[in-house]
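Shared chain: subunit A. Partners: subunit B in the first complex, subunit C in the second.
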Partner chain A sequence: MATTPAPGPAPRRRTGATRERQSTHEGFLVHKNGKWIKLSAALAAVLILLYIFVPLPPQHFGSTWLGYTLGTIGALLILWLTALGMRKRAITPGRWSLKAWTSAHVWLGVLLSVIGTLHSGFAFGWNVHTLAWSLMMIVIVSGIFGVTAYATLPRALSANRYDSEGAITEKQMVEALRSLDRQLHDAAQPLDRECAVLVDNSLEQDPFTGSIINRLTGRYPGDATREAAGELRRLRAHRPRIADDPLDKVDALLTRKEAMLARLRRHLRIKGWLQAWLYVHVPMTFALIAALSAHIVSVFFYW
Partner chain B sequence: MRGHAPVSEVDGEVYRVAIIGSGPAGMSAASHAAQLRMNHVLLEKTDHLSDTIFKYQKGKHVMATPSQLVLRSDQEFDAGKREDILGRWNQRTEELRVNVKYNAEVKSIKGTGPAIEGSIQKIITRARDGSTTTTEVQRHAPPYAITLTSGEVVMAETVVLAIGTQGNPNLMRCPGGDLPHVTYQLDDPYAVLDQHIVVVGTGDAGIENARGLAEDPAQGNVVTVLNRSPKSANVRESFATAKEPNAKALVEDDAAGKLTIRYETETKAIEPGWITLNTRDGEERIRCDRIIARIGSAPPRGFVEGCGIEFASNDRLAFPTLSPQFESTAPGIFVIGALAGYPLIKHCMNQGYDAIEFINGNTDLKPADEPLLEAKFAGLPGKRSVNDWLELLRTNIGILNGMNTLQLREFMLDSDARFTKAGETIFEKNDPGSSLFAIADGSVHVRIDPNDASKVVPIQKGSIFGEVGLISGRRRGATVVAASDCICVEISRNAALKLQSQVPSALRAIERISTERQLLQMFGSGLTPDDVREVVDTAKIVAVRAGEALITEGADDKNIFVIRVGSMIVEKVVGGKPVFLSYLPAGSYVGEMALIDGGQRTATVRAAIKSEVIRIDGEAFARVLEAKPALFARARKDMEARRATNAFVESKKDGFSGVVDLYSEQAKFLVSQGLGEATDVLLIDERLCVGCDNCEKACADSHDGLSRLDREAGKSFAHLHVPTSCRHCEHPHCMADCPPNAIHRGPDGEVFIDDTCIGCGNCQRNCPYGVIRMDKVPPKKPSLISWLLFGSGPGPGEPPYKWSKKNTKYTGDPVADDKLDRKKAIKCDMCAGIEGGPSCVRACPTGAAIRVSPDEFLTVARLENEGA
Partner chain C sequence: MSFVVRQIALKSSGEEIIRRSVAEDAVLVIGRDGSSGIHLPDLAVDPRHARISAIDADTLLIESIGEQPFTVNGRSTTSSELEIATGAELAFGGHRITLAREAESGLPAFTVRRVEAVSESAEAIDIGSAYTLQKLLPGKRMSAWGFAALVLLTFLAVPIWSWATYQPLALHKDARRPAGIHGDTAWSSGNLSLAHKNLNNDCQACHVQPFVTVRDNACMTCHKTDAHQHIADGARLLKARGEPTGFTGFQRAVANAFNKPAGRCVECHTEHEGAGAMPATRQQFCTDCHDGLKSRLSDTKIADAADFGTAHPQFRPMLVTGIAGDGKPLRQRAVWQDGLKESTGLKFTHAQHLSKTNGIAQMVRRRPGQFAANDALGCKDCHQTDSGGARFQPVEMEKACQSCHSLTFDEIGGTFRTLRHGEPDQVVADLRAAFRGGMPPRPANLSGMARRIPGAAAQQSTAADYARAVHFYPMQADQAVTAVFSKGGMCYDCHTVTRGGGAATAGFSVQKVAQNGRYYNKGWFDHKDHRKSECVSCHIKATTSNEADAVLVPGIDGAGGCRSCHVGEGGAKLASAHVKEPVASGCAMCHEYHMDTGAPWKPADKRKGPALLTAAWDRPRHPTLQR
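Moving on to the complex of A and B:
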């Protein structure tokens, strides 16, 4: 049917700056065809084999040559993994890609559990050494939770934004709520006092109130909109039916508000989970570095 | 005899010069006339001077560009606040005792002397349905009778027309449209109470008026908004000329019962107290005490032509034909300022001065742009004067032959003359560039094989090259080197467009050359201009609207189309649904299958955006194919490759129908989001995006602390999100109307705004994708380390407004402080010059954000990635 001009050589960058071009979306877990997962898996296998087959004394494994090597690699790896926090925020020129860093961070981080555990020689006890190991494992497990969240939740976040008319943003959700509130305010004018108070409660309640628990579970007991809708329906059931009942309009608006509120809360819940794990991962990392320093100092001075 | 004012209304005084319009141009002219003690009058429509600048928002900073141009006027002008500038002008106007007549709107200008023999003006008016009517007006010699809307007549020997390009509001044309309750503006909506009001026009002005009138139920107004378009869930469709938030708010007010929108409705007739409407369901008569019509404004061309002033062409962009002294085709009427094609204040003021000097008999005056032009020609060999150079260019370069001196001067201000030594490169293949080159002296070689410097096509003196970049906006297709020492004029895109609208012969020459070259370049294979002569002669350039089908599946025609501007998508109905097959950028050809194999069209080709194609007669092309077996073989090979892709997509449709549908719909969505005119667009895969906004933060931290992208805003479809970020269009809409010409395409293809931005906001309004923001640069933040360790500063990303406000260090010097507060247009520059490329992409932790060109992304490879 047609032809396009033959693609020429990649355009030369006239400013001298170079840039890597991608034409498809490739996730961080499989960056460069799973380069980092392959590397980590291979290293883990090699280290486990070394641990099993190299004849070393069972006591004080950490002070053997293999133990020292594993310990040094582990400590440096921990510092490097922590450096992701800097890399993410320091937008310096250069052909780095945060995706590549994340990919390496994830898979080398998982590998760290192998390195750290082998380094311990499975000698656990109630001491600062095991404390460092446990903190490391907490960081790694929380990280794995985070990776799982990153791999699964964005789809849900995206799906929640769509309706029959296309996708809406968080800002538009908030705007839609405000607009419904304004309409509710107008529609509630003809209502009697009892009903108006119910609607007023819904209008006055800030949709963003609630604790972190409310946000992460998506449960908001005492939600005034739901209460108003339920109570108004109950009151209406006892009243004679009339044409053009102002309650009809209020009821329809409250139902729409409930739906939009549920959507916004689902949105906030997913966003909350995408961030919540970092509140364990990051502080624990600093605790780990402190415990690690104590561990290193103590093995060299008091062993 | 027409055109004669009733003598009784003339007060007998005939001014030496009447200046119409008191903007920078008119005011400067009047001031100089006053200074020279000429008998003059300045006619101003409103009750204050310089209405356009008066209407600027309060405190707006007005720039004085181009900075190298000297100001020649009796009025001062320097960059500064609107209030200061207006204040100084008003004061000076009074000092000079300029004779200003306010509230004097001019209705017509007619010569009252004897009829000028052979001077007949033909005015062609085009009606909505495409029909044209021609009116002939006999020009009369001065003095001129200037009739005002008040009925008063002012007589003047010469007229300086400086009315700008704002125009007058469009009027209601239905019966009763001239009744007094039909108004065209609304000063205070809250002063209108208890009325039935009909608002006609659904642009921003109409919407704001309607909402203001109905805002408070206590006003007691019954407001009806008439909308010609049908109701749609998408407010952009039903309110095409309004900003989206405005339209949404109006629809909301309608839903809340505050006002009524009547869709598919027009006015039929107006009478006091009532209005009759044409609706979809027939006529309807409703109460109406006041009509507010906000139906746009007409450019002043009709009025100007009515004065006997000819325009260079029928093009919408055309300007009046003027002598080097700004005199129009009506003797004694001078046209200056924006109406003459000069939008910048300094130019306007200089012209006002010059025009009065000419009228006063000083014909030797050198224009104020003389030093600028001298600088342009300074680098060329051979010491010639500016006039000699201009004459040389006009004689030697074919497309410039039809220009007059004034046009040529203006043209050269936007262009560059360059001397290139034999063997030096003028531009290289794949350089971005939308300028056109013309050879004034010497010749150049076009390299057709990047690997073999000996394979060249010569282009001779007088001809042009680089037209593909000008037309398609894409990168240069070949390297051009100077064959001998040569002098070339590099014509910027804006200057080239102006040239084509001013000089019809230049337009035809450029079209013909570009068609011929495009064919030769595309088909290669040793074709010569003689081989394609017949094809070029029968070729026609056709404009295609966005979405219009160029080729329809199943049709029997045999034409071939070359995409000259824009892009196309190819789709085919498979299993009852249109399936997207491929995307064709400018420079591709389409339609050869039916010609080579015969039979009906196998797919539909439609324009992704407003495009232009060269339609080639199938029969004529078939003859070329017959004569050239090599060309035939190549066309056949191209066709087989395309056919294989089609077959691949169709075969997938069987097993993976859902995936193919998704792929098709996604492609259509992307095209609707402007991918068809994009060169580099940010796309986010929502399945990977965790919403961390690191892209926005990275953007802000790479560019003075302001983010040029809004991740969340923008449209999404099937997990693909097009955020609000520049697409670097082939023909950027933002560039269309930039007074200081501050928007350029950079060396890596990026569209960027340079430091000469005056903050007028035109680009922001012109961008259909809303990617330009007007903002001031925040103060510098403390370093990342001090934030990490000591928590100083706001951290990565764009600082909050409050922080910026608190930390802006004012110096007390008004000029420097004004600079700190100045808002400028901010947009993506694709991180030009930053090693590693766009920060948004580099800083994405999950790989959700990529920047792609449409031809990289809209390929069948995508089908496989989606799992088929």
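Moving on to the complex of A and C:
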């Protein structure tokens, strides 16, 4: 980390004696003691006061000197904010570290909602100008969602990965499923056709199956493993109990597979939410830049 | 018959291990069951799925045992004959079995190979992408370009195409685009005002050239007759405005740099503000020039003016100063002041007529139903508004005065003879004609010879009447004429009568009457808008003045003055004075930029509606901060 260590006593060696965590980590939201949030809040306050107190006509506020100024700042700000996409691919330390840049991106992005809305003068309609504003707001709101997700979801993601045996990696999740599938395959060999097909369905179903909806909700209504387990239990209920029933083993294995799948899918759901907002944020940014261009051209075209 | 079964397994290195066995049975069973001749540990395969038997030395029959299909040479079937020489490929679940004749032994050989993994999870999984949304959503890059292209096409390319298609429509009064999709309407920042509603689809009607602001020639295409110049000399107008300085100058420079010249119609007549009436022009538009006008335009005759409530010059009413030789009134403007006089040629006592206690009031009480009120005369018994209601008709003697001030001079057989109003020569002629007959007839009962006796009161009364008649019935007609034109005579009481008339009027001359119909010609005053107020709340002298020449119109200040209610555009006057019922009043309430004699233009939504009793009618941007 490029930032200076937090003041205070040197980090003690962690032993079992204390469970207090001495974190020197400073997130991008409060980077440099919240420099960017303070700056953005101050700018927002100044702009709102200017909007209220500078005597300007209420109609067509966007075409007053203050309106043009806000519009120009807003447009340039949009381009700069978009540049994070390029900037983030080059991680550098120092004054303009990526963290500083990200912190500025987030808070200046929030400030943009104030700039853009004031520029509109609260005049909305079904036209390209309001389209640009709406896209801007979609981008900002999705960004805020993303920041919130980044701030809260990784904890849930970690919690899901940990169990009594320690943490499990993504690769290990797949390996565990493969192992269970192999065992299921072997254990199901003695089964009759009806039962074997049920187990086979479970084996043949891709653990990563499902649409974006399934991914984000964590609901998989057509899950073959659950269906197999349920159906086998139903079939077994009507059969006499025998020793060494291969169904016992299959049932136990299916139960374990279900648990592992559930954990995998929780993992997928959380990761999905961590990623999904970008699928709105990024394309909408480009749509916004297009709408912004149309907005600017249209204003000068029909000057 | 014997069959060779070759089971092929793969080492982790990818190397093949072949286990060869020979089945000596007549029937070879394929199935998941361990006892099967061809054992396929595959859950998609039945425990006993199919059996193979020989038909002859060269042909085998394969048929399903449990009616479950399998695949032969790519086609699903439950029974099939297999030529050993030709060979075949069978598929059961995830296994593929190829049939060929083994060269060394000459026996039909089945080579069994697992081609599908045990489970889906066992297939190669790209950990890098499996845990992402990559395969579930269209790529960010693709959708970014896609959306951007869509927006550019819809909101940039199509509008420009629309513009290009209908270009020749510009500057033609009645040219309209046909109905259809006009992409450039998506650029409209708001509906046009009601007056321009039919141009909503025709952007080019005003936006003639791309990247060129709306110019006056676009407005003038339609407004050929109704847009007057404020003053004819445009250069003078610019001089009055003055060269902008400081920040305003900077703004001007920026606007010029962006090809937005000053002084266009649209600077005041803003558009695209919604489908209502066109909004009113702000007061600042006027005060930009008229505030401190003298400093920029030293030879102007107009006084500096800014907000009505605080910085408006005293009114200068147009007064009648006399009658010219041709009988037309002479007019002159004078600064309004208390006690101003004009010359109407009339004598009239407003106070006396409006009194509620004198004989006139008593007379009104005796004739109920004939006047507007039953206790005294009111203003409207004489003054009637004109058809528009803005001003008043001249008072006419026949309608307003004659019901009391009769011009009757004689009675013949119950019919009254009346002098003709406004025609002095006819008056003289009528009187002279009346006196041709001589004295009034002597009543028969006045013999003059009888002795007076008590109880002859009636006779006495007749004698008195006769004596009065004789007194008022001069022996000479000229005496009567003189009486009527002199003090105490019918004409003289109301009119200014001078000597100097012709023979036809016996040397008398009645001055022409001039009633002032409009005192303020540069500003618009509408009585209709003030009908809820009492007349005397503005014309306060009406109940005290007994002089017809006293100017009763109010000035700007003082009791009854306009500022008693009108406090300027933003209510600036309220800061320094208390006004009981403040009315916001920008310049445009009384003044018209495109100067004509009519009422100033007012937005349609302000034309009707309740009396303006608040100071906040002109759409203040921040109502709460106004005070």
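As a working rule, the second predicted complex is superposed on the first by the 272 of 303 C-alpha atoms of A that agree within 3 Å, B and C clash if a C-alpha of one lies under 4 Å from a C-alpha of the other, contacts with A are read in each partner's own complex, and residues count from 1 in each chain.
Operating definition for what follows: a contact is a pair of C-beta atoms (placed from the backbone, for glycine too) under 8 Å apart; a residue touches a chain by one contact, two chains touch by 3 or more.
Since we're looking at a predicted model, the values are computed, not measured.
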Contacts of A:R155 with subunit B and subunit C, given as first, second, both or neither: first
First, second, both or neither for A:K171, with subunit B first and subunit C second: both
Contacts of A:K99 with subunit B and subunit C, given as first, second, both or neither: first
Touched partner set for A:H25, first subunit B, second subunit C, both or neither: first
Partner chain(s) touched by A:D163 [first = subunit B, second = subunit C, both, neither]: neither
Touched partner set for A:E194, first subunit B, second subunit C, both or neither: neither
Subunit B versus subunit C as contact partner of A:M86, first or second or both or neither: first
Subunit B versus subunit C as contact partner of A:S298, first or second or both or neither: second
Contacts of A:D248 with subunit B and subunit C, given as first, second, both or neither: neither
Interface residues of subunit A shared between complexes with subunit B and subunit C: 170-171, 182, 186, 271
Subunit A contact footprint on subunit C (complex, rising order): 32, 34, 41, 43-44, 46-47, 66, 68, 93, 118-122, 125, 127, 130-133, 136-137, 140, 143-152, 155-156, 159-160, 163, 184, 186-190, 203, 207, 210-214, 247, 251, 254, 258-260, 270, 272-273, 279, 282, 619, 621-622, 625
In the complex with subunit B, residue positions of subunit A that touch it: 1-5, 8-9, 11-28, 31, 86, 88-91, 93-99, 101-102, 150, 153-155, 157-158, 161-162, 165-167, 169-171, 179, 182-183, 186, 271, 274
Of subunit A, residues touching subunit C in the complex: 52-53, 56-60, 62, 65, 123, 125-129, 131, 170-171, 174, 177-178, 181-182, 184-186, 188-189, 191-193, 196-197, 199-200, 203-208, 210-212, 215, 267-268, 271-272, 275-276, 278-279, 282-287, 289-291, 293-294, 297-298, 300-303
Interfacial residue positions of subunit B with respect to subunit A in the complex: 233, 252, 255-256, 428-431, 450, 475, 477, 522, 570, 581-582, 584-585, 587-593, 602-603, 605, 638-639, 641-643, 646, 683, 685-692, 694, 697-698, 701-702, 712-713, 715-717, 719, 721, 746-749, 784, 788, 795-796, 831-839, 841-848, 850-852, 855-857, 859, 861-862, 865
